[in-house]
Structure formats: C-alpha cells, structure tokens
Amino acid sequence: MNLLFEGFAWIFDPAHHGGDEGIGTRILQHLGITLVVMVIASLIAIPLGYLIGHTGRGRSVVVALSGGVRALPTLGVISLIALSVGIGFTAPVIALVILAIPSILAGAYSGFEAVDRRTIDAARAVGMTEGQIVTRVEVPLGLPLLIGGLRSATLQVIATATLADYVGAGGLGRYIFSGQATNDYPQMLAGSILVIMLALVSEALFSLLQRSLVPAGVVAAEQRQPDGETSGGPTRKSGPRRSLIAGARR
Amino acid sequence: MNWIGNNLPLIGERTLDHIAITAPVILLSFLISVPIGWVANRFTASRGIVLSASGVFYAIPSLPLFVALPVILGTGLRSPVNVTIGLTLYGIALMVRSTADGLASVDPDVTQSATAMGFSDSSRFWRVELPLAGPVLLAGLRVVSVSTVSLATVVAVLGVPTLGLFFTDGVERNILGEIWAGIVMTIVIALVFDVIIVQLGRLLMPWTRSSSAAVSRPGRRTRVVAPV
Amino acid sequence: MIEFRAVNKTFPDGTRAVENFSAVIPSRTTTVLVGSSGCGKTTLLRMINRMVDPTDGAIEIDGENIADVAAVKLRRSIGYVMQNSGLLPHRKVIDNIATVPLLKGVPKADAHRHALELMETVGLDLSLAQRYPAQLSGGQQQRVGVARGLAVNPNILLMDEPFGAVDPIVRADLQKETLRLQRELDKTVVFVTHDIDEAFLLGDQVIILEKGARIAQQGTPEEILANPASEFVADFIGADRGKRRLTVSSTAQPQGDDVVLIDAGGYAAGVISAPDGKLATGHSSPKSRSISNKTDQAGDA
Amino acid sequence: MIEFRAVNKTFPDGTRAVENFSAVIPSRTTTVLVGSSGCGKTTLLRMINRMVDPTDGAIEIDGENIADVAAVKLRRSIGYVMQNSGLLPHRKVIDNIATVPLLKGVPKADAHRHALELMETVGLDLSLAQRYPAQLSGGQQQRVGVARGLAVNPNILLMDEPFGAVDPIVRADLQKETLRLQRELDKTVVFVTHDIDEAFLLGDQVIILEKGARIAQQGTPEEILANPASEFVADFIGADRGKRRLTVSSTAQPQGDDVVLIDAGGYAAGVISAPDGKLATGHSSPKSRSISNKTDQAGDA
Amino acid sequence: DPLADENSSSDGETLVVGSQQYYSNEIVAEIYSQALENAGYTIDRQFQIGAREVYLPEVEEGNIDVFPEYTGSLLQALDPSVTSGTSDEVYSQLVEALPEELSVLDPAEASDQNSWTVTQAFADQYDLTDIASLSNVTEPITVGGNSELQTRPYGPDALQELYGVTVAGFTAVEDSGGPLTVKALVDNTIQLTNIYTASPLIEANDLIALEDPDGLFLPDNIVPVVSDKVDADATDILNEISAALSAEDLVSMNAESVDEQKSSEEIATAWLTENDLLG
C-alpha cells in the first residue's frame, strides 16, 4: 500500500508533468498508438467480420486463425518486426494490430450472427436487397457486440502498448521499463497506474458509446428481457416469457 | 534456422518448462473463477462490479504486476508462487466473465424443474447448473488457455525459464531462428492445450455432441454468440 | 390468381420438402394451407415471393412466371406476415410499417402518414407509433406485422402462422380482425397454419397437406367437413379435440330446450337448441364463404 | 386431498399473483386450472410443492400444513411436469427419469429398472433410454417428463401446461395417453392449461380463473358448459373458436342422415346424425367423469 | 557431463552457478561451471536469470553460489554514489561494498563495459575519436539506448554538461545495445548509443566505441561473485579462469555466439581446452 502511495506521489510530482518526457507527452503517445492501432485494426477486421457474419462462410477458418493469433507473444512479434523495419512506431503498431484484430473480428461477426435469423428473413421477405439487409438491419443490430469487441480490443491494446517503448515508440511503457531498470518502483507503479487509468477511461467512454449507439429498440428489448436473471431464487419470474416460447415452435 | 536444428533438446526443455508453468495456472484460474462467477451471477448487484473489475484488471501491465506482487506476497521475484499467482490473476480476470455468462445461460426452466424435483441448492448447482454452463465455460477456458500460454513468455524477463527466453536471447544474439522457435512453440502449445480442452469437453459433456444436430434444422443458422 | 404448376423443392441437404405440387389460388379470396409440422407449408408460401426458388416446376402470378421477375421487386409487391412478426427491433413501430415504402423512396412524411392510416386499419392505437416493437404485446406486434404487410398496398398477402405465438384469447381477437380485414380489403390472402380450426374459420378455400406438401384434400371448409376425402383428412380435422362426430349427451342438460352435444371422445362439444329432440333450424344461416361465390371476381390479383 | 385456505401471494415486486384463493382438490381426480396468461395458474401450482410460498393463508395436503414439511422432502414426494419438459439436457433419458430415486439414494440398478418400466407405462420405446433429451422429439420429451414425474410413485402429480409446446397432432396423442394414465394410475392430478378444450377433455373438475387467480367458475366440464356462471366464463369457454352454441347448417350437407352443425361464429363445428331433423340419441352415452363419482374415494392422496 | 565423471576427486557440495539473461554472461558462467565440474564439483546451472534486480537478492540470500559479475556495474548497484574510478579503485571499493556473506574473487582483464558508440561513417564525418570530440558534431544528436541510460551519471546530460555536446533528444530502445539499437544507429535513426564493449556487433557493423580517457564510465571487469560455500579449491579454479580471460577472448567468444550461433557449452569447452584449464 505504501508502494502504491509512492506511485501516486510520483504521478502528482509536478517535476514529472511537462516537457518531452512528461506524463502529458507519454499519455498522448500512448493514446496515439492506441488510436492508430484501433483504426487500422477496425478497417481490416470490421469489413472482414461483416463478410463472415453475413455470408456465414469462412467462420471456422477465421476462428482457428484468430485462436492462433491470440497465442502470438506480442513482445516476440514486435522484436521480429522491428529487426526488419527498424525502431519506431511501425513495429509496435503492426504487432498491436495483430493483437487487436481477433477481438474486433469476433465482435463483428458474432454481432451479425446474434441478429435473430427471423428478423433478417423478414427483412429479405419485405424486399430488402442484400446490401440493405447489411446496412439497415445487421449493422445496427450487431452494434452492441461489435462495440463489445472494440471495447475489449482497446483494453488489450492500451495494456500491451506499454511494449511500444521497447522499440523506441515511447508511451507509458517508458516509465515501466526505466523504472524496472533503475529499481525505481514508484516510477514503475506510476506507469502502471496511468495505464490502468487510461483503461478505466476507455471503459467509461465505451459504455457511453454503447449507450448512445445501441439502437433504442434493442435497449428496450433488453430491458424487457434482461439477460441475467434478476431474482435468481427458486421463484423466478417465468410466466410471460414461457408463453412466448410456447408459440415459437421449432 | 540452423540454430533450431542444433538446439532441439533446449527447445524441448523450454517447452516443458512452459507447460509446467501454464498448465497449473489454467486449472487454477478455472477453479477459482467458479465461485466468483457464481457470486457475480447470483447477486445482481455484484455482477456489474465483479465483471468490470475483472475487465480492468486485465489491463494491468503484466511486468509491473509481477514485480509488485512479491512485495505484497513476500515471495521472491523468481518464485513459482509469484509467477503462478500473477498469471492466475489474469486467467481469473478472463474466466470470471465466462463463468457468470455460463451460469446465466442455463435454461431457467431446467433449474426450475431441478428445484421442483427436490434438488437441494448445492446439489442443483453442482449437478445441474455447473455442468450445463459447461459449453460456455469451455469457450472461456479456451481463451484463458491461449492467453496464459502467450502471457507466460513475459515471465522470462523475471528469470523464470519459459519459451520467452528465446525472444530475449534471440534478439540479443540476433538469431531469428531462435525467435521463431519461441513463437512457433508457443502457438503449438496453445493449439495442443486447445485440442486437449476441447476433447476433454467432449468427453465430459457427451450431451453436447449430438444435440445440436438433432435439434437445429439443417441449413438454418442458430443463434450463436461467440465469446468476445 | 396464383398458380403452382408441378412444383418441386429439394433442399441442398436432400430434404424433399415439396413434391409435385399443383394448385390454383384464386384472387381476392383467402386460401389456407394447413398441415402438421414439417409438411412443407412454409416452403410453399415462400416460393410465392421467391424466398425459396423451386427446384422444378413453375409458379405464375396472373399468368406471369415469377422466375422472370427480380426477387427484390417481387417481394416489395407482396405483403408477408410471419409468426413472430419479424419486426425490426431497432426501428419504431411507424418506421417498421413504412419499411418498404421508405425503401422504395416514398418521402418520409407520406410514408408515415400512410403508416398511421394502416395502424388504424389494423386496429392499433396511434399512440403506439413511436414505440419500439419490444415495447408492444405479442398481439400488438402481430398487428404491426400485418400493417407492414399491407403498406405497399399489395394484391397478395402471405401470412405464415401469424397467430401461432399469441395467447388463445388474443388469437381469437386477431382472427376476428383478420376476417374483418378480408372483407374490407379484398386481397388474395395465402394463409399458413397448422390449426385446423383456424383454417376452417379463415379459409374460403382450405388445402390440407400431407408430408412433402402433397394435397390430401382441397375445398371449402364445408365440403371438407362433410366429405373428408380420406382417413387422414378425417383424422386431421378432428385431431385437436377428438372426432367431430357429435351426439347428444344423456346426462348433462342445460336449462330450457338446449341439449349438450358430445363428440366421439365422449366430451362436451357445444350446445344446440332442440325442443323435443327436434333440431331447431331456425337461424341456421351459415356464412357464405365458399370460394365458388368469389372465383368469378378472380383474375386480377 | 389438497386444500387451499385463503391463500394470497404477492411477489416482492408488488405483483399480486394470487388473491384470497380457497379451493379443495379431491384426491384421485384430475383438477384442471384454466385461465389466460398471467392469471396465476403456475403460481398456484407451485405453491403445492413449495416452489412458491404463500404470502398469506395455508395449503394442506391430507390435513397437514405443507409449510411444516421441508421443501426438498415435499418436492421429492410430488411429481412435477412442465411445459417444455424441463429435462436435464446433460443426462440420458433413463437417468432423467430416475433423477429423484437416485437423489434419494435408490441403488442405480433398481432405479434404472424402474425407469424402464415407467418408459413402458408412458408409451416410450425402450430403445430411447440411452439417448439425450435433445435427441428426442417434443412429444417424446414430454413423455419422459411424465415418466420422471411418476418415478417416485407420487400420490400427487402437478402438470403445468405439459403439452403447450407440442404439435396439435402430437398433443392430441398425449392427451389421449394422459386420459389412459389417469384411469390406470389413479393419482391426484393438478393440471394447468390455458386451452379450455384441453381442460374440458382432461378435467374431472375444472377451475376457471380470472386475473389474480380469482375463481370465475368451478365444476365439472358439463356443469360449466351447461351453465356458465358469468359472461366472462361464457366468453372464455367459447374463446378459441367462436361461441359454442351450435345450429344446423342449411347449405353444406354430408351424405346420409348427417347434418353439419355450425357455431355462433357461423363456422362448421361438427357433424351429427339427425334423420328427418330428429336427433339420433342412440349412442349418447357420455363418459362419466364427473367428480361426484369419485369424491368418495378421496382422502388418501 | 562426461567431464565430471573422469576425476571425481573432491565430491563436494552442489554449487549453484547463475547467469544474467545475457548470452555473454552465460558463456562465462558456463566456463565457470565446466571448470568446476571438471574438478569434481556438482553444478546446478541457473542461467538466464533476468536482470540484476532479479538475481542480486537471490545471490545475497545465498541461493546462488557463483555468479559472473561486472565490477563497475555491481558496485554501482550496491552503492549508487560511486561514479568514477580506475579498475583497481573500483575493485577495492567493490570488496568494501559487498555484504558479508559474499565475496569477489580476482577480476579478469576482460571487461564488458558501457561505451558511447557511433558509426564509422559518423565518426569519419566529424572526426570523432574520444567522447570529448563529440562536441565537434554540428548537427543535433539523438541518443538512443535503454531508457535508464537517460538518467545515468554518464548519460546525455553529462555529455552536455561535461563536453558541451548538443543532444537533440533521447530515443528508448530497450534491447540493451542489441541488434535493434544497432539497426537504429545504422539507419541513422539515432546517432549515438551505449553498446557494451565486448559486443561483437561493434566490429560486425563497423561501429566505433569512443575512447573514454576521463573515466566517464566505470570499468566493468568480469569478476566472480561467490558465496562462502565456494572452498579454496574452487576459488583457485575460478581465479585461474580470471587470469586467463582476456578482453579479446571475450569479444571473440561473443562473436561465436552471435555469428556462428554456437551454444555456450561449445564455446566454453573450446575456450577451456584452448587455455589448458580442463587439466
């Protein structure tokens, strides 16, 4: 606890605030990397995920691949890439994009898959073209899960972007590496605390985003049928839901 | 790539080290997450707290955690206890959500009928709810397994021998083959663990094997929400 | 008029859902396809708006082979109502109803005005217009589904077990509405159900199907009831509450001249007035819904 | 005999599901609780095995207040069958049936032997014993549910819309089986449904409920049909296919002496033999299922 | 190990030999191990143990008996106030600073110390020979290296203060003067970095380690740090090794490890045989 206090003290020390080496700059670098990574990863993963989600094809291949990708040790990948492209942003950005893709991809395609097949069926039956089904039904209804995917990807990227400093791309990892090398635990902890703060802020922003982007009708549906049980006791409310299921013969 | 051929025994040894560190962690993460997930699922108020806490926990950079833990635990940096606890904490952070989701996914009708038949609360949990949460738990465990195997490369920096040593050493000595060996073996371990977990799941949950085919109509996709 | 000519459908997995189905569905009448689960009703219905294309055979609407019409265009000209209403959960009721007109480029204001009219037509309170589907009861959702089906003012309305998911009481209500709508709107309705009572209630023409969409019997409800074509049909029409052959109960008797009639299972089916054992036939004027009354108007659906 | 004494149930969220409900359910008869969705049927049923405890009032089984019996013990002595069977998806059919005996510590071999007997009782092919529930059809699952309910040889069997989720044809089949089982097994059955036809078919005694589980009418099917106690009851018993008042169709006539009867909605309800307009009462021997025939055996459920 | 079986004269206790997570250090540790095994000691190798903050506590606790260290760096870890001195001064200060349970044996000539390093081309362009000449450089210099370099007493600030070098900025590359750093230097992403003098990368990449006449860097001679479990015989063996270990030997062994990808065992055996230390 004492250590934790020293970590905060390090953060609040004005000597560490301004300038090229200051907390402000480091945070901006960290956020910059995160942003660039998320944009690139989204540009790759969202269309691909949508394609998989809409057609239902290629899912198993992609699931297997992203399982493998998840196992990739990021530090190893950064080192390997940096050995060929040199130090700086490029290597960590590529490595982090690889890290972020599986979550976003899963969010994108599972968002599509979670859309009730009958809703899509009805959309097709009223005469929507495939493109209209994607843009007007699947995309808006898949948003909650997509954002969930983006959310966990961002969390991972923020945490892992600490490795960017390994190849000179700066960011909050700097405090961690240099704190570790000089036995300066308060500095190291300060770096960690800042990373966690960023993670918390991102979580908060994403839950706001989720609230504003998730279609109101979906919110209404969720409020009606909360996914978690509310009471959980032996007398769970099951009346109205039951009769709905009764009709939905399969 | 010469290096690989000349160092097969070393690769084997490090691979075993890696497995020795990760396998117990995966198991522990699972075991500890069950009660936490149960609490998260059982009490509405705790659900949000537990789930967001575990989400943010996952954002703690690993290196500082491993360095700070011994200060709290009173162990040495290189101590297996330190490494195991650190990795397990990350595993739990991932697994708790799956456990809560898994328990929530159990058809309330089934739990109702179990209650109606006279299952006591605890036997209902162990014999009905937990096994039925199995498929979701399994999916969560697969993610935990992969990420633990990957994360364990980091603890090499602490002087604990794992495949991660091939990265640091490979970079210092500029031996690409060594780095590749580390990456490939990490993925291989992850894949092998994954196969084992899936097979174990099939073995322990025989009812999931046949049911999907019998229930869902061919050609129509059923609702699947993959864990994100 | 919708005509099926020797239509077959085999799904890629080998299921033969429809085997050599031929039938004529006259315009401006309600034809009900009835049969038990998996017999191919939905498949038949979905062939009409090309949600399913036949493996073999042709379907014509007013003489035009629908295979020659672009699927999206065809679907926009046909109303489709399904069991769970299939509403878009992220759109308000009014936008759901106006989906197809909006797709077609009708100005929003016009589309919404028309949607409100349709809400009245199907008996929905206008205050519900700004709600989301999840905020409606099952019965209300079905009405929205019907309104959406009517939004393009289609000649043809396809309804696939539209009332399967609602409470029996709400269901009776919706059935009554449907009868009213049929009278008012004068559309060609193809209705799918597995409830023979519903079929007899709503159908001008009823087609009873066996597995593979083979026609077991086709005719007006009265024709079928009077002369079941086979043991299968006889069974089917009596299926959900014992046989329909009624007899007079000798024990339970209500007041006055009424007698309780019991069915072949031995259970009470209804009450009829029969003073002195003689049937009172006074007000026996059954609704004339036999298709023969209407086929002369056909040909322009 | 099960007796409800001024029972009330208010859920924690304020819903008053049951308001001052009192009734006697005689032993060895079938009592059907019928009413529309949300009227409190399930709540009443679940009070009998203490899945729900009353806020107020008492329930006695053969004179013993169930509040004094440990809930788990009580539940193991009462069979419970629900709509979607509620089978344990991770256990084989035979283990599902034997669940409670196994819980009670009956040796596995004995429990399985008994389970196989029960499969025969409910008309299940023994080859299904080693399957998982998901590998059965809906109707088969329901039979397993019934077999499981019978596995402890309970005096009381609670059935909550057990046939709500199955096909009408399969449903008719299950209803027939249920009638046979009732005759064979002679249990106290409390059956919940919202289908009045089913209620009349299966019930020795029928209790029609309004919102809040208020009794609208209670009696044998014949009594209720002959003398509906209120407009609500009259409405309800005719709800799902128009009124039950029948008249003779003047147009559609089958061959021979039969006449087609139509209901108040104007639609065909059945056929009765009436040579020369005179009702043939020859084979009018309705089943005697009125509860009065059986109450004398009561008292030991 | 076949060598151990041949003459198992003194069947002493097991000695734990440790090494840093640094291939060069591991080679030296392997040399110690093989020599000791050859003399009949049982050796438990615990190599590649992280950085100093990881292993030093364990050495202090007596969990490790023999550890190859570097005089200046170790001294600074024990007493950060020390900033300069000759080899001998540093060695005697180190002996003072060590905790009681530990001792250092004889230091070797071989050293692996910090240096300010530039490319040959850069050196030629500004006529650089020693650190002081960096003030000739007219363009702003970007310094690269492990992040702690920035705050070291010999870091960029010292260059600015002591020699009037214009430092434009600092770029962290956390591979301790490894190939990433060298690549950055060669790519001219950075112009000045800290590379260990024994690194084969210096020669392989045509780099120039600037001379340090003022003793800006502490000398870092290789020295075995030992616990009191190391007896007189073992001490003799380790001292013999130190006596034989020259600066060139270290560089060439490092080169073998990097360029020929030889394992530390091979390299150690070859060196010991060459120097007749396997008896």
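Per-chain numbering from 1; labels A, B, C, D and E assigned in written order.
What we mean here is this: contacts are C-beta pairs under 8 Å (C-beta built on N, C-alpha and C of every residue); 3 or more make two chains touch, one makes a residue touch a chain.
Note that this is a predicted model, so its numbers are computed, not measured.
Engineer: Using C-alpha centroids, which chain lies at the maximum separation from subunit C?
Structural biologist: E
Engineer: Is the number of contacting C-beta pairs greater for A-B or for A-C?
Structural biologist: A-B
Engineer: Relative to subunit A, which chain's C-alpha centre is the most remote?
Structural biologist: D
Engineer: In whole angstrom, how far does the Cα centroid of subunit A sit from the Cα centroid of subunit E?
Structural biologist: That pair's centroid distance is 42 Å.
Engineer: Using the average of all C-alpha atoms in each chain as its centre, how far is it in Å between subunit A and subunit D?
Structural biologist: Averaging C-alpha atoms per chain gives centres 51 Å apart.
Engineer: Whole-Å distance, subunit D centre to subunit E centre, using C-alpha means?
Structural biologist: 87
Engineer: Can you check how far apart subunit B and subunit E are, centre to centre, with Cα atoms defining each centre and the answer in Å?
Structural biologist: 40
Engineer: Two or more other chains in contact with one residue: find those residues in subunit D.
Structural biologist: 37, 46, 51, 83-84, 167, 194
Engineer: Give me the residues of subunit A that touch two or more other chains.
Structural biologist: Residues 79, 83, 116, 180, 234, 238, 242-243, 246, 249 of subunit A touch two or more partner chains.
Engineer: Give the residues of subunit E that touch two or more other chains, as numbers and ranges in rising order.
Structural biologist: Expected reply: 51, 53, 175, 179-180.
Engineer: Note which residues of subunit C are touching subunit A in the complex, please.
Structural biologist: 37, 46, 49, 51, 72-77, 80, 82-92, 99-100, 103, 131-135, 138, 148, 164-167
Engineer: Which bits of subunit A are touching subunit C when the two form their complex?
Structural biologist: Result: residues 116, 118-119, 121-129, 132, 136-137, 140-141, 215-218, 220-221, 223-224, 243-244, 246-249 of subunit A touch subunit C.
Engineer: Going by the contact rule at the top, pick out the subunit A residues touching subunit E in the complex.
Structural biologist: 20-21, 79, 82-83, 86-88, 165-168, 170, 174, 177-178, 180-183
Engineer: Using the touch rule from the top, collect the residues of subunit E that touch subunit A in their complex.
Structural biologist: Its residues touching subunit A are 51, 53, 144, 146-148, 150-151, 169-175, 179-181, 183-184, 187, 189.
Engineer: Show which residues of subunit B lie in contact with subunit E when the two form their complex.
Structural biologist: Touch list, subunit B to subunit E: 2-3, 6-7, 10, 76-78, 156-159, 161, 165, 168-169, 171-175, 177.
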